[in-house]
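The same subunit A turns up in both complexes below, where it pairs with subunit B and then with subunit C.
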Partner chain A sequence: MESAEQISEILKLANSKKIPVIPRGAGTGLSGMAVPAKGGIVLDLSHMNKILKISIEDRLAIVQPGVVYADLEKALAPHGFFFPPDPASGTVCTLGGNVATNAGGVKGAKYGTTRDYVLALQVVLPDGRIMRTGSKAIKSVSGYDLTRLFVGSEGTLGVVTEITLKINPRPPVTTTALATFDDLEDAGRAVSQIMHSGIIPSVLEILGRHTIVAINQNMDLNLPEVDAMLLVETDGYTREEAEYQMEKVIGVFNNNNPKEVKKARSLQDAEELWKARKSAYAVLARIKSHFVLEDVTVPMGKVADLLKGVEEISRKQGIQIATFGHAGDGNLHPQILYDGYDPDQVKRMEAASADLFKLAIDLGGTLTGEHGIGLSKAPYMGLEHDPVAMDVMRSIKKILDPNNILNPGKMALDG
Partner chain B sequence: MESAEQISEILKLANSKKIPVIPRGAGTGLSGMAVPAKGGIVLDLSHMNKILKISIEDRLAIVQPGVVYADLEKALAPHGFFFPPDPASGTVCTLGGNVATNAGGVKGAKYGTTRDYVLALQVVLPDGRIMRTGSKAIKSVSGYDLTRLFVGSEGTLGVVTEITLKINPRPPVTTTALATFDDLEDAGRAVSQIMHSGIIPSVLEILGRHTIVAINQNMDLNLPEVDAMLLVETDGYTREEAEYQMEKVIGVFNNNNPKEVKKARSLQDAEELWKARKSAYAVLARIKSHFVLEDVTVPMGKVADLLKGVEEISRKQGIQIATFGHAGDGNLHPQILYDGYDPDQVKRMEAASADLFKLAIDLGGTLTGEHGIGLSKAPYMGLEHDPVAMDVMRSIKKILDPNNILNPGKMALDG
Partner chain C sequence: MEAKYEFEKKFREQILQCSRCGFCQAVCPVYGATLRPGLNARGKMLILKEIMDNKLDLSDELIETLFQCTTCASCFENCPSGVNVPEIIRQVRKDMVHIGSCHPAFKGMNEVLKKHPNIYAENEAEDFDREKNRKAEYVFFVGCVGLYREDESTEATLELLDRLGVDYTLIDEVCCSGVLEDVGYRINESLAGKNIERILATGAKTVITGCPYCYRTFNNKPQYEELREKGVEVVHVSQFLKDFEFGVRTDKRVTYHDPCDLGRHCGIYEEPRETIRKIAPDFVEMRHNHVDSLCCGAGGGVRGAFAKNSIAMARRRLEEAEEVGAEVVLTDCNSRVHNLANAKLRRQKFRIYNTTQFINELLDQAER
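Our next item is the complex of A and B:
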């Protein structure tokens, strides 16, 4: 695909013939959004990869949907600006996919997710009509917020063909520290107390015991095998600002029985502290033949309860689950490890997933913080959303896509 | 009203009899949103004024819609937290109204508007069904973003009965400065260069010549009668952070031929610098028997063009227009002053409004940055939104409110 007009023609045809159309960027989504569950046309948007405009004075970038996240970062860097959502797949994922899934990353607590940065869209509707939403002005309250209706709609309402993003200046100074806790309760209390201290760290990551053990077994990091490890970063324009916040955080760590607190003295130090966190996903992915990376989020005060609950599920279902994630916004990634060739293990994995979703909802949380619903979480939508909300979502889907051609089978919208 | 259940019963009755229902908080909206344009029931929500929960560790507050903005501020202050949108009517307006209009204020450039802080809602739909949207988790991408569909919908889609808001720690240090410019071009260039310098001031306000002259004629401030005055505030956890940003800003001022640059040395100094900006609206409101406070927004690089265009419109239509507003996010408030008892002046005011909307759209902007569409800007919706977007908005209105009972006549949704 190269233009909205081409896509419009394809959608008109598909709509008249009732052929499913599945928009696809880089296909890095973790919930099966780009899987053609009901067959049809996979609409490859990766060639629409032009950065159309960067305007620092207007604080925005206009891009096509196939632009890779990292390519926009590279283009913004010389200006001292960045697009903050920072998904883990940033080197390969596309901005169209970021919009479709409302992508987030390690900086969500302080900087929010994609939703907070999308100013305007060009969208091709299922019947081929081309529409503009939002405004290139930073601030607008003109009409319904159609822009955010499309952000996170996983390609079920329209095909995004142009994106206007608000961008931020990048704070030039960061400080990094790491604390380990023998007792999960202490780590959970530290997370809550950081919030009470009035600091929002730019990064506040957590690694659970099983993740730490797995890293030790597969890498040369010699981590202390504790209940929890917290990695924190603070930022600012000045060294004083970053240090002031870090002192507050370290004060909280020291009040909660840490086994150890390490503060980076240099950029190299900081990279060393990041190693465990950065390797978590890949190390865990290699342990068994298969894995599912979950993505539940709870209110921050419940992070320790969620971690404890995951351990119980792991024991109850007799399956390995290792957890890491973003404690600063309550978004954890329990990674369920299993042998996909063993039907019994597959059953246990599925039961553990179901338990996990129920646990997150019981703790006042949500099925997904950043990976989306897609195929894999569609059966659980009713756990989180009341029947009225489900009905409203389905009504919106129906008026925009009466023939259900766009990404059918996703988000439980067909029912 | 005291509960969602009561409101549900009223809406069921009104829906069956097709009686208009107009939700109303404090009625401070500036576009006529709470005016019962087609008669019917005015639903007074001001008694639903309980703060239900403040949870610092979960970084949220749960409130009823009738809570006054300032009352939430008072409740959050002891924790060192605040709800940043800060509308100018904060001492009287209600949070339900803030949600309905996506309210903003002087801190929009750095801290965003109401939309950026609403995590979850309870809403009564026109048919009486009660629905929950969003999640109390800070981060969620589960299903369509129904929450933001209701934010800014001006009471046309449902009645909001409970609001969950994300809250922020308040940066304890601020610095304030003021610069005057003989030439508007210089002021406009300064605004653009501040953005290029990588700083987002927490406040960046502008006052145009006619506003300055009017203040001088009505108050004892002895302002220099220049083309433009910029008022700037920077903030941080530390003095160094706020000062670092202010130095950058003052550097930009000094590079653009300022007549004068004043930096506050104390809190009292800062209050002195704020006096002109804070008095603008009230001073202008007293000059003629009537006024309209407009609210257009343009990309920041076009702020000077907008100000120049406003002067031209003022000359062309032979009517007084004085402008002030939020240069940091491009949202300006031209205040049109006229004698409402003189039919000729009313005609000139209307012509000037129409010219102003066209100018803002031509500059790539929007009809409204924070006051909403309501009644007064409804005729201009088609200037900004293409026919497809208008059709999608009307379809959404129709599925949720098929009898058009909720706040009919607003936002051009009836057509």
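Our next item is the complex of A and C:
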């Protein structure tokens, strides 16, 4: 696929013949979003990979949807700018995929997610019409916010063919520290108190006990086997600015019975401190033949409750769940580890997922903070959204895609 | 149920371990050149899983994806689940050859090596005006590409060894045939036997190879065990050179391309750089270097079987050389020199050499 016009022709044809069309970026989506569940045409957008414009004075970048996240990062770096969402899959995933899933990452707490940066879109609608939304201006309140309607729509409403993104100057200085806590309660309180201190760290990550133990069993990092580990980064334009924030955060740690607090003195030190967090995914990915990486999200004050709840679910369902994630925005990744060829374990995994979703909703949170609904979470949409909201979503889908050709079967929109 | 194919017996668990995260897509040179998701490691592992689940069978239709892999191991290095894709692909190719599905280029290569002593079916080997098979401290083993395609570069390497006063001999070498292991066949034992016999006859205790692939084959393959048993050490020329001083320098900006066979497969990254830094103070790294180095697209039989994509991969590599403003691109593998040189665009002004050839040229200039 190379242009909106080509896509428009394909959609016109597919619409008239009622053939499903599934837009696809890099296929890194974690909830079966780009899976052609009902057959049809998979529209691979990776060839539309041009960065069309970078305008520093307008503070924006205009890209085609197949541009890989890391390629935009590379193009912005010489200008001292960046596009902050920073998903962990950034070397692979596409910006079109980021828009369609409203991707986020470790910097979510301070810098928000993709939705906060999309200024304008070009979209091909299911009937083949080509539409522009938004504007190049940083501010705009003109009409309904159609841009945001498409952000996070998981390819169910239109095919995004051009994206205008707001970009940020990258604060050049960062400081990093790590704290461990024997008691989860203390870690949870520390997270809440950081918010009270008025500081928003650029990164605030948490690793739970099972994740730490798994890392120790598979790598030579010799981590203390505690209930929780918090990794924090503050950033700024001057060293003083970053240090000032870090001092406050470390003060909070020290008030909450940490087992240990380590502050990086150099970039090399910082890399050492990041090692545990960075290795978590790969370590957990190797323990069993299969895993599900969830991304339930709760209000920040409830992070400790969520972690405790996950452990109870793990015990109750008799299945291994290791958790890590973004404490700074309440978005945790419980990784359920199981053997996909053992029907009993599959059942336990499914039961544990269902429990997790219920727990997150009970804590005032959401099924998914960044990975999206897709196929795997579709059955749980009703847990989070009331019947009126579901009805409105389905009505929007019907107006734009009356023949249900775009990514059908996803997000529980089929009724 | 008994596994139908060897690859399943040996690698079932690893293939299932692929979580389809896609990290390999970012580094797979075949994907980079084609943007076709079915061709990267994830696509290949998905296909193999379908075969294990009896939804697909190995057939000619799969030649394009399963044989289009340079075995560069970039995916393995970056795989969070530890899936050793190149090893798996090697075994799958053997299974495919076993059932009669093989890329014609590789089938041809195996046939050629049954009849001829080298992959190019050439009968006249260049002797570089040197007495062969004599008693010497070292054997210099050139390799097929150096003998038949990059003979100028080989000549320069030999001149350099002469200048450094190394007591080496060439032998009547035949193809090490290691490449057959990559493309679905087995090392040709009769060829291996000839190499071993001729190396031992010289009394040399060390073999210096010009080709990283021969280096790997001699050091790792059971068919060359006898060399190791008899205490013959095999080193690559880049390792051998690192302790020499050359007394020449270049002002040019120089960069280095890590051959996959030397770097990711053998962990040899620093020796070539030590040598280059001595002669080139303005040494720069390309964006992808060391373990992240971008594959030039020549390996795994891809240059022979999928020439167009192979060249496209080499072009991507050379763009990185251009990006850092290199005037000279050095590497330590004739096969890489060959592929990169074929891919060079006219506007790209840098020159591509083996490190040995470049040093020799500097010495020539110094003498003039």
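Methods note: the second predicted complex is superposed on the first by the 415 of 415 C-alpha atoms of A that agree within 3 Å, B and C clash if a C-alpha of one lies under 4 Å from a C-alpha of the other, contacts with A are read in each partner's own complex, and residues count from 1 in each chain.
The rule is short, and it goes like this: contacts are C-beta pairs under 8 Å (C-beta built on N, C-alpha and C of every residue); 3 or more make two chains touch, one makes a residue touch a chain.
As the structure is a computational prediction, the values presented were derived from the model and not from experiment.
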item: Contacts of A:P65 with subunit B and subunit C, given as first, second, both or neither; value: neither
item: Which superposed partner A:P299 touches (first subunit B, second subunit C, both, neither); value: first
item: First (subunit B), second (subunit C), both or neither touched by A:P20; value: neither
item: Which partner, subunit B or subunit C, touches more subunit A residues; value: B
item: Which of subunit B and subunit C A:M131 touches, first, second, both or neither; value: first
item: Which of subunit B and subunit C A:G372 touches, first, second, both or neither; value: first
item: Partner chain(s) touched by A:R286 [first = subunit B, second = subunit C, both, neither]; value: second
item: Partner chain in contact with A:D44 - subunit B first, subunit C second, else both or neither; value: second
item: Partner chain in contact with A:T91 - subunit B first, subunit C second, else both or neither; value: second
item: On subunit A, positions contacted by subunit B and by subunit C; value: none
item: Complex interface listing, subunit B residues touching subunit A; value: 55-60, 79-81, 101-102, 104, 108-109, 112-113, 115-116, 125, 129-133, 135-146, 148-149, 151-153, 157, 168-170, 191-193, 195-196, 198-200, 236-238, 240-241, 244-245, 297-302, 326, 329-331, 364-373, 377, 381, 384-386, 388-389, 392-393, 395-396, 399-400, 411
item: Footprint of subunit C on subunit A - complex, ascending; value: 26-28, 44, 46-47, 49, 68, 70, 89, 91-93, 281-282, 285-286, 289-291, 340-341
item: Residues of subunit C defined as touching subunit A within the complex; value: 13, 16-17, 19-23, 25-27, 35, 37, 42, 80-82
